[in-house]
Structures are given as C-alpha cells and as structure tokens.
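Please find the structures below.
Look for chain A in each of the two complexes below; its partner is chain B in the first and chain C in the second.
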Partner chain A sequence: MLLADWISEHLTHVEALAGLGAIGISKHVLGMFVAAALLLATFIPFGAAVKRDLVPRGPFVNLLEVILLFLRDEVSRPFLGKDGDRFLPVLWTFFFFILYCNLLGLFPMLPAPVVGHDGATHWSWSGVTPTGTYWVTGTLAAIAFLWYHGLGIKAQGLVAYVKNIVPSGLPLVLVPFLFVIEVISHLIKPTALMIRLWANMMGGHTVLYVIIGLVFMFGFASSIVVVPFAFAIYLLEIFVAFLQAYVFTFLVTVFLGAALHPDH
Partner chain B sequence: MTRKEPRDQRDLLRQSHLGLQFALTLGLLAFLGHLADERFGTTPLLAFLGASLGFGIGFYQLHQGVYGRAGRGPDRPPGGRDPER
Partner chain C sequence: MALDLILAAGDHAQHTLLDPHGWGLVFWTGVTFMLVVLVLYAKAWGPLLEALDAREQGIAGQRDEAEKLRADAAALKQRYEDQLEGIRKEAQAIIDEGEADKKRILEEAKAKADAEAKAIRERAERDIKLARDRALDEVSRQAVSIGMSIAERVIGAEVDAKRHVAIVDEVLAQYERS
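Coming up: the complex of A and B.
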C-alpha cells in the first residue's frame, strides 16, 4: 500500500470498537467519552477548590482561572456585555470540550480492539482526535447553531426574530431575495465552523504522518532530521489545539451576540 | 512597534472567518449548480449560475461582516463599543 493511501485511509476511516459498532461506538466516540470524563475530572476538583476558597491557590486552580477569566473578559463580555455572563458556562464547556478533543490525539492511549475496513477485528491504538472527523465538528457546530438561534428566538420572539433576519428599510421587492441570502448566510456560518475545526485538526495530523512517513521512504538514517522536525510540528499542533478551541468559542460568541442584538 | 489592542485582535479574528465563509458560499453554490447540471444535462450553465450566485452572496456576507448593517458596525454590542467590564 502506498504511504499516501495509508495516510488517507487512516485519517478518513472511522473504526468501530469491536462488539460496540452496532451501537455506534467508534474510536472517535470513545475519544469524546474520554474528553467528557476529563472535563469532569478537571472541573469537579476546581469547583470544590473555588467553593472552599475564592482566592485561587496552587498552579492547577490558577491556570484554569486564567483561562476561564480570559474567555470571560476577552470573548464573552466584549460581545455579550455583563448580561452575557449567564451564557459563559456553555461557552466554557465548548472551549474545554473541544480543547480536550483536540489534544487527545496527541497523547498515546491504550490499544483497543477495533473493526477495520475489511471487517476483521484487530488491535489499534485508541488515541484519536475526535475533532479530526467532520461528524464530530459538524455536531458541535449544529449544537452551537441551535443554541444561539434558540436564544435569539427566546430573547426576541419567533416573529420578530424571523423579521430581523432581513435588514429593515428595504424596498419590498428586495425582501424575498435578501431573506434567501440571509438564510444561506446563516447556514454557511456553522458549516464554516465545522470545516475550520475539522480541517485544522486533520491537516496537522496529515503533516505529522507525512513527515514521519519520510523515514519509511528514505531509511532509518533520515530520522535524525525527520524526528526533530516532526517534534516541532507536534509542538505547533499543541498550539493549534488551543487556538482552534478558542476560535470556535469566539465565533460562537460572535454569532450569539448577533442573534441577541440583531440591530448591531 | 506598537502593541495590538485586544479589540483589533478580535476584529482580525472575526474577519478571518469571513474569508472562509466567502469561499464556502462560492464553493457550495457552484457544487449545487454542478449537481443540478448533472441531473438536468445543462452542463455547465447551472454550475456557472451557482458560482455567480455564490460570488454575489459571498460578497454580500463579506460586506455585512466588515461594515455591518446600515454602517452600524459588524456584530458588535450596543453602541459599537466594548461594554463596561
């Protein structure tokens, strides 16, 4: 099999866990379970620490507080105002869930029995980036889409919300055209969210595979050059994991702000 | 060298999204036109129409994203200013 074929198959094939394929548990779904468990493992002790003492003590509480406050002060409040603080838990959840999903593929995990594309069961490393598949990023974008439109409808009422889709003061003849254009725009926004996150996560992995693949093409001696280079890309991947979680959360906040304040 | 204000960085980030949105609108409508062409045997008329429509809608979105509605600023909180923290 050509290296390019192997990479392409590895990146696009979603492997079901042996015996659990019937209920749709794949390596990616397992990855999401792990990310959710990590969220609980992070925030239950954090919540307990904050409840005990509002002054953050220790690196763990301080680190989390820095990230949480950054998202509040630089993302949520500029677009939603202080009233927007009530939406913060959801935005924080988006950020940390996506971040953990992004980071999971960068850490080795235990092997698990999976069903390959040929239908045979084999053992495979269970470490996978759940956000490296568009089903996951698409679902996240769909959840965000329903959430911010739902809140917009709740804030303005359904009729006013639909009326506000088209800018006011237009000649009547233009309204149907603009309505269609605006609806397409609303649908494109979550699609762009989906594609951006998925493409960034998959793109980084592809680069890593290609660089490591050079060892197989040029022999073991090339690893002297290839491994440090792959390590540099790996560090870049960690940065991208944070950046993409931030970008997703940021854009969801922008869209939420637009849904809540249609005139601005 | 002057330090970028957080507000500028936010604008930059938001506007970076507009490029992808533009490309997606153009690509998606051109693809839908291509599918319609295959179905009705009108190649390449509907693909061209889809691409033109996508370009128009994409440009409209770009304008809305940069200048906002009626020049009131794009996706900003009331008054177009950062609210009090």
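Coming up: the complex of A and C.
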C-alpha cells in the first residue's frame, strides 16, 4: 500500500466495521465512543466531588473548574449575560466533547480497527480523531445550528425571529436582497464551524503523517531531523486541539447571543 | 514529494467522502453527543451549577455577615473607647482630688504645727519670763533681807514695821531702777 493511500485511508475512511448497515460502527464512531466514555469518566466523579464538597479541593476539581469557569466568565457571560448560565451545560459539553475527540487522535496507542481495500479488518495502532472527519464536525455544527436557532425562536417567537433576520429601518427595496444574504450567512456560519474544526484536525494529522512518512522515504537516519520536527508539530497539535474546541464553543456562544438578542 | 502525498490523499478522499456510511457517523455523533449532554447534565453540570450558585450565595452571605460583624465590632470599640475615656477622666478627677486633699492636709498640718510651735514658744517665753521674774523677785527679797539684816546690824536699831516696808520698797525701787 502506498503511503499516500495509507494516510488517506486512515484519515478519511468511514466504512462501518460491524453490520448494522448504514449505522454500523466505524473507527470514527468507536473513537467517539471512547471520547464519550472518557468524558463521562472525567466528569461524573467531578460532579460527585462538587456535590460532596462546596469548596473545590485538589488539582482534579480545581483544574476542571478553572476551564469551566473560564468558559462561563470569558465566553458565555460577555455574550449571554448571567441569565445565559442556563445554556452552559450544552456549551461545556461542546467544548469538552470536541476537545476529547481532538486529543484522542494524539494518542497513538489506542487501537483502531480499519477495513482495508482487501475487505479484511486490520488493527491500526495509530488512534483516530473523530473530529478529523467532516461528518462528525458537520453533525456537531448542525446540532449547534438547530440549538441556537431553536432557542432564538423560543425567545422571540417565529415571526419576530424571521423578521429580525433583516435589520430594521432599511429601505424596502433592499429587504429581499438582504434577507437572501442574511439567510446565506446563517447557513455559512455552521458550515464554517464544520470546515474549520475538521480542516484543522485533519490538516494537523496529515502534516504529522507526512512528516513521519519522510522517515520511510529517506531511511531511518533522517529520523534525527524528522522526529524532533514531528514532535514540535505534535506540541502544536495539542495546542490546536484546545484552540479549536475553544473557537467552536466561542462561536456557538456568539451565534446564540445573536439569536437571543437580535438588537445587538 | 510530500505535496504529491497530500494531493494523493485528497484524490483518494474524493470517493470515500461520499461514503453512505458517513450518515451512520452523523447518526452516532448525534446520539453520542445528546447522550453525553444528558448524562453530564444530570451528573456533572447540574451539580456544578448548583454548587456554584450555593458557593456564590454562601460567599455573599458570609460577606454580609462579615460586614455586619465589622460594624458591630466598630460600635463596640467606640463604646469601649468612650467608656475608657470616661474612666480616664474619672481617674484624673480622683487624682486631682487626692492632690488637692494632700495639699490641704499638708497646709492644715503645717498651720497646726506652726500654731503649736508658736504656742509652745509663747508658753516657753512666758515661763521663762515668769521664772526670771520669780528669780528676780527672789533675788530682790534676798537682797532686801540681806540689806535689812545688814542695816539692822549696822544701825543696830529696831525699825517699826511701816517704816520697814517703806524702806524695803524704796530699796527695791532703787534696785529695780538699777
């Protein structure tokens, strides 16, 4: 198998492994399950610790609380106000779900089953990034899209919400044009969410694979140069994993703020 | 070379990206995410929001209580300071009174002592004068007696009583003058 084939196979192949037809379990689904399980394994004890003691104690509770409160104080509250705290559970879940999915791809020790072109299942030890496929990021963006528009419609009423798509006080002749432009912009927003996250994850991993692949092309001696370089990219990827989870959550918050308060 | 690889990856992706199994991924993403939201809402986010709320209220309550305690403490301090000031003034008054008493007692004692000393001196002077007068008187009498006896012996004649007293007085007067 060509290296290029292997990389594309690894990054984009979403074929299901086990039965169930279209909703069969593919390696990305499996990765997502692992991310979800890790998420629950992190936050259920955290919730219990928080419930048990009002004072945050220990690095585990404090570290998570710092991130959660940062998202509340620096992301949610500036756009949604104190009243917007009730939306935090979804925003927090977006952030950590995406973060865990992003980081999962950086753990090469996680085995991922891959169906090769020969139709047989191989076990790849390279791990998998669920957010490295736009099916996943697209679904997350669509959930966000439905969520913030749904809340906007609930807050303003459907008629007022549709009316508020176009800013008030415009000449009547401009209204249809602007309506179309605004609708397009509303559609572009989740699309941008989808592509940004997917491209970042997939791009980072592609770069990592290509750089590591140089060792196979130029021999093991090149690893003296290649591995430190890959290591640096790896560190960058850790940062990008956090950054993209943050950017996604931040933008969803901004869109939600705009949906709830059209005058801003 | 690396660019070829990426392009090749892109070409390959072309036919896998339209994979109908992608919709399975959509389904599982939706289900997983929703489940995670629900479970975490019940087990983590709910308790956290409640805890944050309780903590906020607790801190606000404690702050109010601390503010109240501080005000109480300030009032108490003021009261004690006022009391202390009163006590200080009282003590000063007692000291002042003591000083005045001391001065008065000293003055009284001094005046009494002075008066006593004066009385003693006067009595002594009087006694001295009396003693001197007595002594002088005695001396005069002795002198007269001596004079009489001398005169009797010299003159050898009895003198009558009247004459005797007159002579004595005369002699005494002469003696006193001298």
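The rule we apply is simple: the second predicted complex is superposed on the first by the 241 of 264 C-alpha atoms of A that agree within 3 Å, B and C clash if a C-alpha of one lies under 4 Å from a C-alpha of the other, contacts with A are read in each partner's own complex, and residues count from 1 in each chain.
We adopt the following convention: a contact is a pair of C-beta atoms (placed from the backbone, for glycine too) under 8 Å apart; a residue touches a chain by one contact, two chains touch by 3 or more.
For clarity, every value in this text was computed on a predicted model and none was experimentally measured.
By the document's definition of touching, of the two partners only chain B reaches A:Ile184; chain C does not.
In the superposition on chain A, A:Gly257 contacts chain B only, with no contact to chain C.
Once the two complexes are laid over each other on the shared chain, residue contacts for A:Leu80 go to chain B alone; chain C is not touched. Within the superposed three-chain model, A:Gln244 lies out of touch with both chain B and chain C [touch as defined at top]. Of the two partner chains placed around the shared chain by superposition, neither chain B nor chain C is touched by A:Asn200. Shared-chain residue A:Thr93: touches chain C; no touch with chain B.
When chain A is checked against chain B and against chain C, the one touching more of its residues turns out to be C. In the superposition on chain A, contact is made by A:Val136 with chain C only, not with chain B.
Overlap of the chain B and chain C contact sets on chain A: empty, with no shared residue. The part of chain A that touches chain C in the complex is made up of residues 2-5, 7-9, 11-16, 20-26, 28-29, 32-33, 36, 39-40, 43-44, 46-48, 50-51, 54-55, 65, 68-69, 85, 88-90, 92-93, 97, 130, 133-136, 138-140, 143, 206, 210-211, 213-214, 217. Taken in their complex, chain A has these residues touching chain B: 73-74, 77-82, 167, 169, 181, 184-185, 188-189, 191-192, 195-196, 247, 250-251, 254-255, 257-258, 261, 263-264. Taken together, the chain C residues at the contact with chain A in this complex read 1-2, 4-6, 8-13, 16-17, 19-30, 32-37, 39-41, 43-52, 54-55, 58.
Taken together, the chain B residues at the contact with chain A in this complex read 6-7, 10, 13-14, 17, 20-21, 24-25, 28-29, 57, 60-61, 64, 68-70, 72-73, 75-78, 80, 82-85.
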